[in-house]
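Below you'll find the structure, written out as structure tokens, and then a few comments.
Order as written gives the chain letters A, B and C; numbering starts at 1 within each chain.
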Amino acid sequence: MPTMLRMAHPDLIVSWLHTLVEATANVAFALSGLLAGIRKQLDVVGLCVVMGLAAFGGGTLRDVLLDRRPFFWVEHPGWLWVLIAAGIAAILFVRSSQFEFTERAIQWPDALGLGLFTASGTQLGLAQDMPTIVAVLMGVVSATFGGILRDVVCNEIPTALRDRRPYAVCAFAGGWVYVLAAQFATPGTAFVLAAITATATRAWALLSRYELPARHTAKPTE
Amino acid sequence: MPTMLRMAHPDLIVSWLHTLVEATANVAFALSGLLAGIRKQLDVVGLCVVMGLAAFGGGTLRDVLLDRRPFFWVEHPGWLWVLIAAGIAAILFVRSSQFEFTERAIQWPDALGLGLFTASGTQLGLAQDMPTIVAVLMGVVSATFGGILRDVVCNEIPTALRDRRPYAVCAFAGGWVYVLAAQFATPGTAFVLAAITATATRAWALLSRYELPARHTAKPTE
Amino acid sequence: MPTMLRMAHPDLIVSWLHTLVEATANVAFALSGLLAGIRKQLDVVGLCVVMGLAAFGGGTLRDVLLDRRPFFWVEHPGWLWVLIAAGIAAILFVRSSQFEFTERAIQWPDALGLGLFTASGTQLGLAQDMPTIVAVLMGVVSATFGGILRDVVCNEIPTALRDRRPYAVCAFAGGWVYVLAAQFATPGTAFVLAAITATATRAWALLSRYELPARHTAKPTE
């Protein structure tokens, strides 16, 4: 991925910016796992596993489905050390009040991650000659299945499936923007437009408190 | 799969019948996901994801285990649009009473799906030179893991594992019928016999209310 | 795996010992699945599935991630028959008091399994030229994800993630011992040292009742 972008934009600043956004996205996804793990009172191993699933689960599932290797965390194994250090630090040093602050604060880097994972997933799907709808779906899977695996392991119905605030829908929109833009523009431009679309629609959903329609049955089971 | 059958039976009617049964099976599996999602009050994204897991999860897991590509939903991406349309329609247009009707009605197309997925999974396992028991297991996985993934994501103990009405057992029986029949008959005949066996034993189990043995411990945890 | 070890130690006794330890480990992992399934009152199909996930889930996930075939249960399909027979026997013949006895008794063969799966997972990771931390992680995944899948399907937060008794941590330590020992010694020696480390630290944790640190939030959700 960084390689691809570097080919599209030989500019060093763009490459450096991309690394920065990628790091921000991974940290935001990992933090969402950390908070979920702490809420469930997991031990230090549990925190590391749930952080890893949240950060790398979506991209790894996408790569398994596309039969693509190496995984992100095999290519950049340093991130695994960051996760372990973060899990230990969370247990030893951080106070509860700081977690409450984090919960509200990570919505914004998480929206950045949504945009980045959407764009890179769709790009990889198209690069492997997938049908358009499947490529877009790969973007959605990259962006959302980390959170879904995090919630399944924490024994919750995944937020992405029941919280009516749009999330996967923003990734879906971003994926289609990639597909359209790739007809007229370079992959780098399509990447940026798709990421901005997904991130901006998510930010708008957070600010406007817009909700997707859902059904309420007469007799809910849960 | 359609190709294989078409080779065995060049007859156009058989090919058309197979497409019809396949469509029925996919729709039945997707509907079981839709009902589960509505019972859990998922939003429109959740409905689409749970429908997709129920319809394609078993076959996709089988293909990942057999290292086989492309997946069904990559070869036939039109089905993904059908799922999305069905999720939106379910939210907007359908009344609760219609869902209650559906719950009882889908048992029968679901039994058809059980037969079809069992036969095709066993056939694919044998085609990849798996040991016999593994090929039969691939049939069982194709037929049951969609429902298991659906229930795991909905935060329930999977019905297939605790509901004592035979389901996986019918797939297991159908798989062995395929293995035996393939010794004497064409793959097409074995396919049909296996599918009929799994579907018929399931229909018998539904009608007779037969239950598998289970243990009741003195102190159940749940 | 047996092949690799046999190359390292042509000695027949070692090969026979390895088969014995491997069988013990698989049986212990399967029994943990059996007990979990019985506690959730699963039917006979559920018992077999949960036993299979507990025994083979970790190794299969490792092989999917490493893109490695055949799986253990494809190479040794006889184990699948053992699982099915065990599930049926558990339903028909075994009394509750025997299960309560089993629960305490399997901790020790389970610790053996932890050691064996850790060593073989790390060995396979290194054999595929994975970065060191990833190879160690493959050992941890082999040893722990069977139990995690077992608990997810049984609708529980996985024991490995919240029980503060060290388990994954012992696998992690054993993996690093493999990596270090492989610098100076034969793969066979590294294998034995790694397995002993993971098993011994686990046994020590069980005997000493040592607990990992965890956080307790002011307002737990569960």
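Convention: contacts are C-beta pairs under 8 Å (C-beta built on N, C-alpha and C of every residue); 3 or more make two chains touch, one makes a residue touch a chain.
Predicted model, so just to flag it, every value in this text is computed and none were measured.
Novice: Give me the superposition rotation angle from subunit A to subunit B, based on Cα atoms, as a multiple of 5 degrees.
Specialist: 120
Novice: Taking all residue numbers at the subunit A/subunit C interface, are over half used by both copies (same) or under half (different)?
Specialist: Looking at both copies, the contact residues mostly diverge.
Novice: Please work out the Cα centroid separation of subunit A and subunit C, and write it as a whole number of Å.
Specialist: 30
Novice: Name the residues of subunit B that each touch 2 or more other chains.
Specialist: 64, 67, 152, 155
Novice: Quick check: in the complex, which residue numbers of subunit C touch subunit B?
Specialist: For this pair, the touching residues of subunit C are 37-46, 49-50, 60, 64, 67, 69, 71, 73-74, 77, 80-81, 90-92, 96, 99, 152-155.
Novice: Enumerate the contact residues on subunit B facing subunit C in the complex.
Specialist: That would be residues 64-65, 67, 130-134, 137, 148, 152, 155-158, 160-164, 166-169, 212-218, 220-222 of subunit B.
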